[in-house]
Amino acid sequence: MAEIILDKVSKSFGSVRVINEVSLTIQSGEFVVFLGPSGSGKSTLLRMIAGLETIDDGRLLIGGKESQTLPPGQRNVAMVFQNYALYPHMTVRDNMAFGLRNIKMAAPEVERRVQDAARMLEMDALLDRRPSELSGGQRQRVAIGRAIVKEPAAFLFDEPLSNLDAALRVRTRVELAELHQRMNSTMIYVTHDQTEAMTMSDRIVILNDCRIEQIGTPMEVYTRPASRFVAGFIGSPSMNFLKGSYKDGAMTLLDGSRIAARVAVPEADTYELGIRPEAVKVCEGEGEGDTKGQVKVVEHLGERTLVHVHLSDGSAIVAQDGGRSPVQPGDEVALRFDISELHLFDASGKAWHAE
Amino acid sequence: MLRNTRRETLVALVLISPFLAIYGLTFVYPTVAMVNLSFTDAPLIGPGQWVGLDNYTRLAGERRFDTAFWNTAYFVALSVIPGTFVAMVIALGVSRLTGRMQALVLALFFLPYILPVSVVYRLWDWTLNFQFGIAMYVFDIWGIERVPIFKTTTWFMPAVAFVTIWWTCGFSILLFLAGLRAIPAEIYEAASLDNTGRWTMFRRITWPLLWPVTALVTTIQLILQLKIFDQVYLFSTGGRPNDNLVLVYYIFQRAFVNNQGGRAAAIAVVLFLIVVIVSVLNFQLMRLAERRK
Amino acid sequence: MTNYKVTGSVMLLAGFMSTAAQAEVVVEWWDFLGGGDGVRMKQLIDEFNAEHAGDITIQATTLEWGVPFYTKVQTSVAVGEAPDIMTYHASRIPLAVSQNVLSEITADDWATMGLGEGDFASATWDAVTIDGAQYAVPLDTHPIVLYYNKELLSAAGVLTDDGVPMGMDSLEGFTETMRALQANGVKFPLGSVTADGNFMFRTIYSLVGQQGGELISDGEFLTGDNAEKLTNALAVLQDWTNEGLQSTYTDYPATVALFTSGEAAMMINGVWEVPTMTDLNAAGNLFEWGAVELPMIFDQRATYADSHSFAIPAGDMDPETRAATLEVMSWMLKNSLFWATAGHIPAYGPVTSSAEYAAMEPNATYSPLTANMIFDPKSPLAGVAGPIFDVMSTYFVPTLNGEMDPAEAVEEIIIELNDM
Amino acid sequence: MTASSARQINLVGGIITLLTLIIAILWAFPIYWGIVSSLKPENEVVRPYIELWPETLTFEHYIFALTETQIGRWYINSIATAVGATILTISTSMLVGYALSQLRFPLRRPLYWLILASFMVPTQTLIINHFVLVANMGLLNTWAGIILPQLINPVVIIVYKQFFDQVPRDFREAAVMDNAGEFRILFKVYMPMNWGVTTALAIVTFIWSWNSFLWPFLAVTKTEMMTITVGITQVSDAFGVYYASQLAAAVLAGLPVALAYLLFQRRVTQAITLSAGIKG
């Protein structure tokens, strides 16, 4: 268990800067997810911690030890790869023991650790099989087992669930969360799947364009996104954005409707109003809403219904209705905004939240 | 990837040093020595006098060189394209079969490829023997006049090309089969839903999709056949070597029979250049064709 | 104790020395003798080895005759991997000497062997002599002869009462003999190695010789009417082909097979095939046969001959091995009566003048031809598998088989010879 | 598609299949004919009619070849040189292929180009200088001398490089994380993962080497050092001038590789396609 500190680390590939002065402290025992779209630098950052990529500038402290120049094997971290990278010609046991044998650990100790890990992951029976004889989920476990036996200061996961089918992914997610609670070890987990991030992490680090956009607990990033990017990236279906201008505590949208907004923005200007679908309600009667529009598509999801509406100026908005919504495509509906969940974003993407 | 450049270079050096030693010794050094030798009048073993370009200028009007050059070209023409064509036809035939039948038929076609050239020579020399060859008995039965195949200039090169195709075709057949297997069945299924006939299917689907393999096979054959020696040498024994000369044979003759290392080296350099030029041209042509697509 | 030890080591030392002194010398031997004469040479070698057991052992290898053999010799001498002794065609000695392939047989060597100029016919001695020095020890001379199938000839009525073919003294006569055979249903009256120009060189050279022609005069090829004489020789053979009298495109083993199977009534081949016939006949697998000097097609008798000789490759050789090698040569010559059963005419005078030799058949039948033997021109370009051989054979094959006009062939030959 | 046209297509297909079969049999016929002829007595071999099976079956030519000639010696030479060439080629090429594929070092590109270039260059043109070189090293008539120039085999390197290139980077990284050094990565991870490739390459290299003619033909001047491929054409006392015994020797020379092929048919065919998988 160790604290990991990134202090203004940077990296370039040739002249392209891929990580720019990132600073971050990961507490001992914390489960941190790096979340971001592809190309955001999240994997690079993880690999810099692992030692698979160089750190051009800045410092990396793992358990208080300067590690930015250490070779990967000596950083006391273990990594689970996206494709697991199980050595196909070795049995499960040999796969797990390979790293330990490489540091010339005594055979009984190696065997003990392998057995312990196997027991913990409930795969004692698989030890003598080869990876090709395992299912996807089992391979995943072996990959984790291979990390566990090293008893590392931190676990690094590089999109480890992306090769599993949907059902297995959900189950493994829960198992991973359990594992984290049981082992209470530092874990860094890279994914582009916000559900994984939201469900498993203590904190989420959202990366975009080689920078950290926001660091926070899942609820923080959901309810108080620091930027337009985070607001749009987190949540499914994603937040609605409507262009308009703010003046004196109200937003005027392009279709002319005015929406009260208690937001402490510095000055009157054009802003984007952001509101999540669950904060937009379809009204029963006409004239009650903040705005109105024509229903284009209705998606019944069971416990709720998503209603895609075009406002009169043509901008699209998604509203959420109850599970048994009677709304039909073509209907004219009024929409009411829950103004306590309003966000405004200025041209640079900075966010202000409703008070 | 974090890399320790110095260490990595060191490791690389260790890994490539045996190879570098061998290559330096058996490839780079002999190439340089060959060019050097071609400017002297040295015998096969031993020193010689510097004679400048003499060995090259002499080649210009030399009959044996002419024969060797044109025979080589003739042989390439006779073996490369027909060989590729035969291999493709056979591969198409074999690909229709399945299971054990396919394995058996493929084995029959492929077996010659793994035989040493001297065995191939013995087999065909016997099969086509003018007096006792079984082929001649067949000729007799059909009322065709016997042909002393390896003793006439008219038949020698075509026959050697034929034997060469027989011998090396298995290799190309395998490549074509691999190419055919790589064409997804869905494409044929889709095409047959489009009412495609057998011939159209081949011309519009199989043939274009096989084109990369065809180009590969032709290239390999071309570079290989330019270096022909073994078959020509063996089939010429007791015959008319000077009529059947090909370039490598001529190098051998000058160097090892006539003991003229310098003159032989000049021929070798010329062949060397021919192969390099042909390879480069071929490579460029393929690139061009690729780009046109 | 000490004494005992000393004695022991002295004995050991003595043991070593005696084995060193008596160590068997291995003489590495290369020849190109396949077929019947190869078998006889092997027998001679075995005899030698048995007689010299503990002293000298011949380790023999037989390589492919002709270009392959001489190419191997040449390269192996160049790189110092040559054998200790090898058979060598006398015709090729000038070429070999010009390439420094052979080691001189010195006067001392001759003395050691107990041989000398007086033991050989002058032509033979001359064949191994270059600029007054000898480079080989002649073992035999081996002309070509005409083999014939007595049964077939007799059936066609062209066998004389003496049991030789009729019409042996003119072109017309011989052609008539062949026609008679053809008329009598013989497939090939004459079997010739028409697929191998190297081989046919011998026949053609004989025919040129029968006109008194020469290949090289004053260092120039086919001067004056020599070209015409070569053309004549080729024309005769081509006519036979065109008339279907001669087997076409036949390689060496096929020629022998055609003759021995009775498909060819006559065959022009070297005397070295005599043992093949003798052996087959002895085993009851062959008809009655004979061998005579070539017919006189032109105005004088002449038969091509070459000589098998023993040569020592150039290069360093320890004296012991050289001595052993000399012993091998000397022994072989002195025992060459047996070699005569291989059909060859021994070069060693005392053997040919012996009564046993005079009684040998069929050698006796063709031995008169020794008077008419002609040898290759003495030039580095001549000789078995030499450059002239190569050039000529290339044009002989198409000509003999009717593909090329004789005059044209000769023209091409002259151009190519001058191109070397 | 109507029933009759379907039948027609089946008929055409059947004819093509039949034709393929017939051609296949004719194709292999010379091999059969050579074997059958070698089992006949000499006088039966030259009979003027076709005799598809020996009237008198005899192994005399084989017994003769195996007991009276140096063919046993040649077998040993062929095996030793082919195995030697295979082991050396495979091991050196594997190392180079790995270095080219996985390591970054100065002059890596030029080295790769040199190897590609040597693929185009005909080693046959180098025979003179190979001969001089090997002669000067005193290696004529030795196994080492026969093997040496056969080690130029860029195809093997290129195939190895391509295979190492195809191994997902994850494996290397996993191994690095597992504290494995460069050599352990090569020998414990990459090599075992590519055993199939190594076997396949070894098989083709062996066949090539066993079948090589020109160089062994030049490099050996002593009969006892010849490989079988060369020996059966160069030494005449072995067989006299007769056809059947020559064919028997030829059959013996071809037998080992032919057997190897028939036993490992799938591996060999795989190996061949692999060896051609050059993408430049």
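To keep things simple, chains are lettered A, B, C and D as they appear, and every chain counts its residues starting from 1.
Basically, a contact is a pair of C-beta atoms (placed from the backbone, for glycine too) under 8 Å apart; a residue touches a chain by one contact, two chains touch by 3 or more.
Since the structure is predicted, the reported quantities are computational estimates derived from the model, not experimental observations.
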Closest chain to global C-alpha mean, per-chain Cα centroids: D
Chain pair with the higher count of C-beta pairs in contact (C-D, B-C): B-C
Centre-of-Cα separation between chain D and chain C, whole angstrom: 40
Gap in Å, rounded to a whole number, between the CA centres of chain B and chain A: 59
Interchain centroid distance [CA atoms averaged], chain B/chain D, Å: 15
Multi-chain contact residues (two or more partners), chain C: 64, 68, 75, 78-79, 252, 257
Touching two or more other chains - residues of chain B: 1-3, 44-45, 129, 131-132, 237, 256
Residues of chain D whose C-beta touches two or more other chains: 46, 48, 131, 135, 173, 176, 218, 233, 243
Residue ranges of chain C in contact with chain D within the complex: 32-35, 38, 42, 61-65, 68, 72, 75-76, 78-79, 81-82, 252-253, 256-257, 261, 263, 285
Residues of chain A touching chain D in the complex: 50-52, 71-74, 77-79, 81-85, 87-90, 98-99, 102-103, 146
Complex contacts: residues of chain D adjacent to chain C: 43, 46, 48, 131, 135, 140-141, 218, 221-224, 233-238, 240-243
Residue ranges of chain D touching chain B (in the complex, touch as defined): 9, 12-13, 16-17, 19-21, 23-25, 27-28, 30-31, 33-34, 37, 45-46, 48-50, 88, 91-93, 95-96, 98-99, 103-106, 108, 111, 114, 118, 120-133, 135, 148-149, 151-152, 157, 169, 172-173, 176, 182-183, 186, 207, 210-211, 213-214, 218, 228-230, 232-233, 243, 246-247, 249-251, 253-254, 257-258, 260-262, 265, 268-269, 272-273, 276, 278, 280
Interfacial residue positions of chain B with respect to chain C in the complex: 43-46, 62-64, 129-132, 148, 151-153, 237-243, 256-259
